[in-house]
Structures are given as structure tokens and as C-alpha cells.
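Shared between the two complexes below is chain A, which has chain B as its partner in the first and chain C in the second.
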Partner chain A sequence: MFEAILINGAMLGGIYALLALGFSLIFGVAKIINLAHTAFYMLAAYAIFTSAHLLGLSAIPSIALSVVLTTLIGIGTYKLFIERVREHETTVLILTLALALVFQECMLLAFGGHFLGAPSFVSGYVELLGVRVSNQHLLTFGVVLASLFGIWVLLSKSKLGIAIRAVAQDREIANLMGINVGRMCLMTMAIAVAMAAISGAMVAPIFVLEPRMWMYPLIMILAVVVLGGLGSIKGSVAAAFILAYTETLVVFLVPVGSFIKGAVALAVMVAVLLIRPEGLFGVAFEEERL
Partner chain B sequence: MKKGLMTVLVLCVLALVAIPACAPAEPQVETIKIGVIGPMAFVQGEHHWHGAEMARDEINEAGGIKVGELMMPIELVKADSNEILSVPDAAAAMEKAITVDNVDFLVGGFRTEAVLPMQDIAMDNQKIFLGCGASHPELCARVAQDYDKYKYWFRVTPINAEYLAQVNFLILGMVISVVKDELGIEQPKVALLMEKAVAAEPLVQAAHMYLPAMGVEIVGEWRPSPTATDVTAELSAIKDAGAQIILTYLSGPVGIPYAKQWGELEIPAASVGINVEAQKMGFWNATQGKGNYELTMNMYARVEQTDKSIPFYDKFVAERGEFATYNAGTYDAIYIAKEAIERAGTLDSDAVVAELEQTDYLGASGRMAFMPNDTAVPHDIVWGPGYITALGTQWQDGELVCVWPPLGEAWEGITYEGTVAYELPPWVIDYWKAD
Partner chain C sequence: MEGHAWRLYKSFQGEILAIPGRAIAFFFLLSLFFVPLVTGNPYVLRIFIFANIFAIYAASWDLLSGFTGQMNLGHATFFGVAAYTAALLNLNLGLPPEATIPIGALVAVLAGLIVGIPALRLRGHYLALVTLAFPIILTGIVFAFPDFTGGELGLYGISPLSDSRVCVYYLSLVVMIASALIMWKLTDAKSTFVRTGLIFHAIREDEITARASGINTTKYKLLAFSISGFFAGVAGGLSAHFIGIAGPSNFALLFSFQPIIWTIFGGIATIYGPITGVYILFPLMESLRVVPELRMLIFALIVIFVLLFMPEGLTTRLRDKIEIECPRCKLTNIATRRYCRACNAPLRLEGRYS
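Showing the complex of A and B:
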């Protein structure tokens, strides 16, 4: 049982981390709580379904097309709606939630409420420590690691990344230093939405496609970033695995309660926040918030 | 100039009003309005509607329903209950159908949680409501508890949850025999994987009561949410527990990731039970074929339960491009209502109720009659040999075939023409025989 918990928890943690990375990035830099983040994940998933099933494209072109398309939608959404109200946090919250609901209804209109399956890019399974893991889960885990590395390289080694971090640390000073704050927020939004789209590509084949598929992941990624410490990517990754292991423990130790595994994970989050309100890697690590 | 313009304008408006008023009145055809209430954005509601459409078209083509001396065509009214997402929406839809659309009868309903309040609204308005989706016995137990209020409710499909449990156990019994014979396991282990939903509770209780007597050991009970999207952990735990059989009750979307992940990981346990998603043609593509060998209870398959079964099945597939789920039982429901109205000779609800109670109708899913008033579940569809038996259907290489009642008339002397043998998944055989 221990091996099964270890492996299953790791795979689920990878999924949550991948979903939360982009969300944590846009909040950490642009201070935007984008409640439509998982709606972009949903759009990408439907885009992959459309390109694979209806247009007959293979895996790589499907992923590329859906990531590009979703990112463009994300950029358009930011320019048309979010940028105008960026300074008003409550307005951004409500606006992005409304946008998510609009996207949901659009998918309902276009595809109906039918439950669909996105194609897996790799089929079959391997056995790790005697536990069967699907190749799609392993691929997702690999993409999480690659994404983390990519973000680290971007933020620490590239001029764009340094500019993004400068904006995250102090917007006014960054502006005075000649950094175009608006453009940095736009670039961060584009990167965050692209990551949501990549999540859709990797995770959608594991789950089921339906217009409400963005809701539960939204709750979980909010829990992940709050538990990890708002704006801390390192914290988000750690929190993703904590919540994933909590859910997995419920399934294995209290199987009749597997329908509330999510609620138990959220209860753990609440318990941690009561002890440490800033989250696991919150204010105490200000200088490495990203 | 302005005065002249105003005069012309007034004359035009008067003309626009007068012309329709002078036109000869179109003769008003009196229709029987039947409300079809279901989650119309989902396959359940779509099949409610299409089953009703098929019945309407056939009946109207033949002249309509004879009410006394009058032939009245059927007019269908679509009522979107949205019950999968919102129970309050379902109640509102029922109210509208009755008070705004003024329907004479109602067919449909899907989620027990939503049908309970919808039933109350229909009963308060003394509207006959033929249920075509919710299985909880409570819906008919209410008829016994308060006959005068609830007598207008009849359940046409599916069979109630307790009968579903019995059929499930009969189908499970077939799988247990195959596991014993082919794998040489004397006491197979069964894992219960049943979504947390009201309609699942009778089945869970029945499983704990009866499975030990069937010579199996229950190794665990997993209760995922009906909307769970990942049950990999549950499947890992089931494999860890050493189960050779998984008994399912999955009516929600969880049925797709369950079957896909079960097949992808080749969990070495035969899957049997209720998986509503597996009743649909889209299941094969949604699981990318990984749902092969999934066995689910069903009400329709391409077998001859009656001489109406295969024509109904073929026509539904031809018109909709997909298999009929049990929600398409609105087809039989409307024919049952037609016969009751014709016998009563009136649309009066009480008179029609009295005739509905006498129903003995050969429908697409079998011989249909309702439980008498002196039983615990009056107005419930009768289940058993010679009546509705339900079916066990298994996906075999892209085809959904009937495997229960089994070949050889092994159950009550019944085997429907077109039935084939049940197949254990090959990876299950390889895994357990290698041991």
C-alpha cells in the first residue's frame, strides 16, 4: 500500500502543480487573481479534442494549435477586459469569474453537455515499485519538471525574466527603471495562459471533457497557491503535493470517503493556514517570492 | 406637411392592426400536450426528447389519440430541467411546464434528487407524470404512503433501484461463474465501486447483505463522487486489495474516466455493474477503446425482447446516430399513456390513472405493467421473467452486445435472440492464471 500511495500521490501532485504554476505566476507578477485560469485549461482541452477528433490532426500539431489558440484568446481577454481594471482587485476577481462562466456556456453551446474523451498522446502503462502508472500520467509528470525548469531559466537567466521579477518586486521602481510594466504584465499573462493550455493538453486525456471541467481544478489551484503562499512558485509546487497526498491517503485509508477526498485536502489547507496564515512559503521568504 | 405625415402614419398603424383581425381565423386543432422534462443539454434529456418524438410522429401519423369520439394529435412541449447541474432549475421547469405551457401530461425526469421535488409539483397540480429516469424506490413508495396525492405518478423506466440491485447480482452471478470456471478461483474477491449518490444507497446495502451468500468476499467499498474525473487512486487501491471483480454503480460522468483508466492500466479485475456512460455509443470514442469488456446493465440492445425491440433500436440509431439509453423509454411511456387515455375515453386525470393501473403493454423494452396498489411500491414498473427483465450488455471490440440473460436459457428459461457469451478481459485471465 505504501508504494501505491507514494506513486499515486506523486502523479496527482504533478497534475495539480502543472495546473497551479501559471496561476501562481500571474498572481506573483501582475497581482491578478485570474479565476478564468482553469477556464483556459478547459478551452485548450476542447481545442485538442476538436483538432484531434474532428480535424484529424496528430498529437504534436494538436497541442501546438491549441496552445497557440488558447494563448491568443488569453491575450485578447487580458487586453479587452482585465487590463482596464487591473488596479481593482475585486473587480478583476468578479470579471474573471464571469469570463470563466461565459467560456463554459460557449462550450456548452458548441459541444453540448456530453462527456467527451480527449485522446491520450501515449497509451499503456509502466510499473513503478509494483504500482501501475499510465504513460500519460508519466508524461504529465515529465512536463511538470520541464515546466519548472523552463520557468526557472526564464525568470533567472533571461532579460525578460529579470524584467518580470523586477515588476513583481516593485512596480513603480521598475517603471522608473524604464521597464514597460504593462507589457510585462501582458507577457506574464501570455505565459500563464500558455501554461494553462499545456495543462489542458497533458491533463485532459486523463480526465473527462465537459463544460464544467474547470470548476474543481479552480478550487484546487486556489487551495494550492494559498497553502503555498501567494506568489510563491516553490510554495505552490510543495502545496500541490501536500494536497495530492492528502487526497490519496483518503482513498487508500478511508475508501468509503473517497467522494470527499477534495474536502479533506481543503480542510488540511485550512488547518495549516490557521497556524501559518501567510501560507507555507509566504511573507517569510519575500526575496524569493517567485 | 407635418399634420399630413402624422395622418398617414396613424392610418398605417390602423391598417397593420386591422388586417390580421380581418383575416379568417385558422381552425384551432385541439392537441394533447405532453411535457417532456429532462436535462436537455445532456444525453439523458436528448433521449427523453427523441424517444417522445418517435412516439409522437408514429401516433400522429396514424391519426392521433382517440379521446371519446375525437382524434387528438400529440403536441410535445420541451422542458429543460437542467437537473444534472441544478435541482432548483428542475423545480422551476416543472412549474413552468404546468402553469405556463399548460401541459396535460408529463414524461421524463432523470436524477432522483430532482425528480422528488418535480413529482411533488406535478402531484399538487394533479398532473400525470410518467417517470423515465429516476430509480429510487421512494418515488413509488410515496404512492403507497399517500395514494390520493401521489396516484398520478407512474415509473415506466428504469426498474427501481432494488430491482436494479437484483439484476446486478444476477449479472454478477454470471461473471462469478465465469471467474470460477476460467480462473479456477473458488472464492472470488469483489470490490464495490459505487458513486456517492442517493440512488446508489439501496445497491450498496444490498451488496453487503447478499454478496457473501453468493460465495464471494467483499474486499472494500470505494465511493467516488459522481463527477470525479480521476479514479486512478481508487483503481490502484482495488488492485492492491486483490479483487478479481469490480461491481460498479456509476451514473455520472465518472463512468468515462473510470472505464478509460481501468482499461489503460489493465486493472486485473472484471468490471460489471451499472455504468450509464457505457450504455452510450460515444463511450467507445470517449474511452478511446479502453472501455472494451466493460459490462453494464441496460434496457436496450439489439435483441428481441419483444417484436418491437429491434425496430425501435434500429430506428433510434438511424435517426440519432447513437444507441438509445433507458431515458428513451419516453417512447413506451407515451404509447402507454395513449392506450390508457383511449380506454378511459377522456383526459380526466383520475379516469386515466385508473386505466394506467390496468396497463399490460408490449413495449420496446419488454412487457410493461405496473405494481398493484396493495404493494410497497405501487405504480412501479414490474420486473421479472415475462415482464421487463433488463439486460446485461458488454462492449466487445467496439460493439455493445447483450450477454445477459445468458445463453442457454440459464436464467428462468430466457435467452433473447441475438445474445452472445460474456468475455473476461484477456489481461484479467493472463494476470490470475499466471499466479
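Showing the complex of A and C:
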């Protein structure tokens, strides 16, 4: 039981962290609250279902196909819709929500509302701490960790990453330094969507697919981002694991756990924020102008 | 000749008929009174009753988030709390709707204060994302105590407002108009007898400056949360008694986003904007039931295209077309006039600058 909680929580935490990082990246750089973020995760999962189950492609081509396709859709949505209203904050909120609904309805029309499952990329299982862990879960966890590490290297070491962080810190100054802010926003959107797509592709064989599968992770990553402190990568990762473990504990230990897991995790978030309003790792600007 | 009636008529003419936006609103509300005379179709009446209830709900979101800028993504909290309170009081204690709806609204005020407490410490996006958590926490409570709250099925068998649907219609309409007028007055920045409108605007524009000007922003933010909670609670109670069910769908994520969609569509920070949004989008959504599988898709696409081409909202765009403010005395005039109706100043610059 304890080991099962440990392993399931770690996997869920990794997925939340990857999703939340993308979300907080696009928020930090372009000041966009992208409620369609997890819709891209859903799209990628459906793309895996199509390529692996319906077209019968093997694991690597189907993952590549789904990530590339989803990222292209993400870039298209950004260019066509989000960029035009970027200045109006609430409008962006509603627009991205409406976009998520459009994606949901398209998937509903294409695949129907019933639960679907994509085939595993790898079969078999290993014994880990006395718990049977399927190789698929291990693969998912490994890819998620590798992506998290990759994004950290990209942001801290590469020229692109430095430019992205510069825009996040101060738009005007970054612009004066010759950074093309509009292009950086687009690049960030592409990276963020690609991260969502990777997590969607990796969970497709584990979770059930349905057109509404974007809603619950959306709420959770919003909670993760706020709990960790907006814009803090370290905070997002820490908060992702805190909330994922809370959720897993509730599911395993409370009788009606799966109904109230979200509620308990969010209550934890509210409680932490009452003590530390800027989140775990957020920087407190006492009288910051928003 | 100079009796009370005449003076009332003159002020009515000056305050309502001379301002095109208000005249349209007045005649629209007047025409709503004739709906049951035109059609006795219970389905149409049902749609209009829902529109009345949701108009209160949407306007209450606008009062809180549009005016004070305290972005509330969990507005369903207030609606749902009031609906459940009304349902529980009605089913367990047998209280009539006249009692349960006000009590439900007061409980929603309490919920508003509880949600408002984080608002005292959190700003901007943090607050928005935290408010989102409350309806989900409440859904968890509903599921955790199924004996008390009915669990997934919700509470049903709540006594109806009235046996006659026409009667329910007029009741919801009168409550809607009264609530809308109160909210509109409370948020009117030019009002001379309540300061809340001006203060709410000030808090949204710059909270620090507002505080520096001696406004206790904490108090007014909590006030906005309570007022908003109250009216959303009235809507929730009415809805529970109208459909006879209070279920967990009252706390659904999309139900929290509905008032935001209506408000942004109609025009934020106006009170009449969200109401317009409801009366356009809600019947539209219902009429799309002829194509059930495309309904949500068409709705979302309409929202997207309206936002792309009118990001400031429908009524704000229309108002700027039909009304013009006098540059000298700040009085609102119909856009067809060339000179202000009160001070006779030219409304537009003539010649090459126009």
C-alpha cells in the first residue's frame, strides 16, 4: 500500500509538474492564462490513440507524430486567435476556455463520448519495492523526468532560454535589448504546447481517454501553479508533487476517495495560501502593482 | 400642470428617454412583461424564467469581478450554496420559498465573506485561481456526505415557487429587474447617494491609490463579495425552487464560467452588459438543442468570434455608436445630436478634425 502510494504519486506528480511548467511558462512570458493548455494534452492523447490503435504505428513514430501535430495546432491557435486579444486579460481567459470547448466537441464528434484506451507502448512489468510496476508506468515516469530536465537545461543554458526568461522578467527591456518579444511569445507557446503534448502522449496508454479529460488536470495544474508561486519553476515542481501525493493518499486511504481527491488537494492549496499568499516559492512583492 | 405626475414624467423623459441606451433597456424590460401574453408555450416560458434567473447571476458576477476587478472564477460557489441551503431548509424543515430564498441568499453572503478572506491577502491571478477551488471543494463535500446532501443525484422534490408557470415568470422577472436596478445603482460611479460605485471603480483601477486616498479597500472588497454573493444566492434559491433540484452540477466548472462568458460577451463592468448577454446567449443556446451534437461547438465558436471582433463586448460597442458624451457638461446625448441637449455645446469638432 505504502509503496503503491509512493510510486503512483510520483508518476502523477511528474505529469502535473510537466503540465504546470508549460502553463506557468506561457503565463510568465506572454501573460496569457491559457485555459486550453490541458486541451492540448487531451488532443495529444487522442492523437496517440489514432496513430497507435487505429493506424497501428509503433511507439516512437506515434509519439513523434502526436507531439508535432499538437504543437502545430497550438501554434495555429496562438497565431489565429490568442495573439489578437492578448492585451485583454479576461477576454483571453474566456477565449482559451472556448477553444478548449471547441477541441472537446471536435473530439466528441470524431471519437464519441465513451471511454477509450490506447495500447501500451511497452509490455511487461518489474518488481519495485515489492510492488508490481508496469513498464509503461516506468516509461511514462522516465520520459516525464527527462522532459523536465530538458526544459530546465533549455531555460537555463540555451540562448533561446535566456531570451525567454528575459522577456518574462521585463518585456520592455528585453525588447530594447533586441529580443523579438512577439517571436519569443510564439516560441514559448510552442514549447508549452509541446510539453503538454508529451505528457498527453505518455498518459494515453495509462489513463482512460474521453473528451472531458482536460478539465480535471486543468484545475489541478492551476492549483499547482498558484501553490508553487506563479512563475517559479522550482515551486511548480514541488507543488505538483505535494498535490499529487495528497490526491494519491486520499484515493488510497479514504473510502470515497476518488470523488473527493480534488477537493482535498484544493483545500490543501487554499490552506497553504492563507499562510503564504505568494505561494511556496513565489517572491512576495508586498505592494506590487498588477 | 406642474403636478407631481408631470415632474415625474419630465424626469423620466430626461433621465431615460433622452439617453438611447437607457431607453432601449427600458423598452426591453417593458416588453418582457408581455411575453406570457404573446405565448403561453410552457417551454418558451421556461427559457425566459431561466434567462431571468441567470441575468441576476451574471450581473452579480459583473458587480464583483467587472467593477472591483476581484476576478472570481468560482462564482458557482454562491449560486450552489444558496440552492443547497434553500433545498435543505425546504425539504427538512418544510419552510416555504419566501423564507428559504432569503435565507439561502444570506448563507451565500457568508460564503462570499469566506471566499473574500483569501482576497484580502491575494491579488490578481492568485485570487482568480484560488476562487476556482471553492466550488470544487464544495463538490467534494457534497460527495463526502451523501446522506445529507443527496450525493451525486442531488436533492429533489423541492416545492415549486408557484403552481402557475406564468406566475413564476412574473415573480422571476420582478426579482430580476429589482436586483438589476439595485446592482446598477450600487455600481454607478456618478451616483450622488451611494459611494460604492466610485470606490469599486477605484479599487479596480488602482488599489494602492485608493487606499492612499483614505478608502478602506478591505472593507469595500468584502462588501463587494457579500453583495455579489447575495444576488447570486437569490438566483440560486430561485433556480432550486423552480426546477425542484439542487445537485452537484450547480458547482460545475462550466457553470462558474457561464456568467463570465455572458458578461464578456455583453460588455464587462456595465451590469446591463451581462443581462444583455444572458438574453441573447441563453435562448440561442436553447434553440441550438435542435442540433444537440453540434450545440456546444456552435456556442463556443460564436463566443470566439464575438471576442475576436468585439473584445470589449456587445453593449459597450453599441453604446459607443449610439451615445455621445458632451465634452463640456459630461451629459450623455444621443449620437445623432450635434449640440448637447443641456448646455448646447457642440458635441463634435466640425471640419478637418472630425
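By our rule, the second predicted complex is superposed on the first by the 278 of 290 C-alpha atoms of A that agree within 3 Å, B and C clash if a C-alpha of one lies under 4 Å from a C-alpha of the other, contacts with A are read in each partner's own complex, and residues count from 1 in each chain.
The definition used in the following text is that contacts are C-beta pairs under 8 Å (C-beta built on N, C-alpha and C of every residue); 3 or more make two chains touch, one makes a residue touch a chain.
Every value quoted in this text rests on a predicted model; they were computed, and no experiment measured them.
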So, on chain A, is it clash or fit between chain B and chain C?
fit
Based on the superposed arrangement, let me know which partner A:1 touches: chain B (first), chain C (second), both, or neither?
first
Just chain B (first), just chain C (second), both, or neither: which does A:120 touch?
first
Touch test for A:65: chain B only (first), chain C only (second), both, or neither?
neither
Touching A:256, do we find chain B (first), chain C (second), both, or neither?
both
With the two structures laid over each other on chain A, which partner does A:32 touch: chain B (first), chain C (second), both, or neither?
neither
Would you check which partner chain A:279 touches, where first means chain B only, second means chain C only, and both and neither mean what they say?
second
Using the superposed model, give me the angle at chain A's CA centre between the CA centres of chain B and chain C, as a multiple of 10 °.
70
Taking the superposition as given, does A:163 touch the first partner, chain B, the second, chain C, both, or neither?
neither
Taking the superposed arrangement, what is the smallest distance in Å from a C-alpha atom of chain B to one of chain C?
5
Residues on chain A touched by both chain B and chain C 108, 256, 259, 262
Over in the complex, which chain B residues touch chain A? Could you list them?
39, 41-43, 46, 84-85, 195-196, 220-225, 227-230, 232-234, 236-237, 239-240, 253-254, 256-257, 260-261, 264-267, 277, 282, 285-288, 290
How about chain C: which of its residues touch chain A in the complex?
65, 71, 73, 117-118, 121-126, 128-130, 132-134, 136-141, 143-144, 206, 208, 253, 257, 260-261, 264, 268, 293-294, 296-297, 299-301, 303-304, 307-308, 311-312
Of chain A, residues touching chain C in the complex
27, 33, 81, 84-85, 88, 90-91, 93-95, 97-99, 101-102, 104-106, 108-109, 215, 219, 222-223, 225-226, 230, 256, 259-260, 262-264, 266-267, 269-270, 273-274, 277-279, 287-290
In their complex, what parts of chain A are in touch with chain B?
1, 4, 7-8, 11-12, 15, 53, 108, 112-117, 119-120, 123-125, 131-134, 136-137, 206-208, 210, 212-213, 216, 247-248, 251-252, 255-259, 262
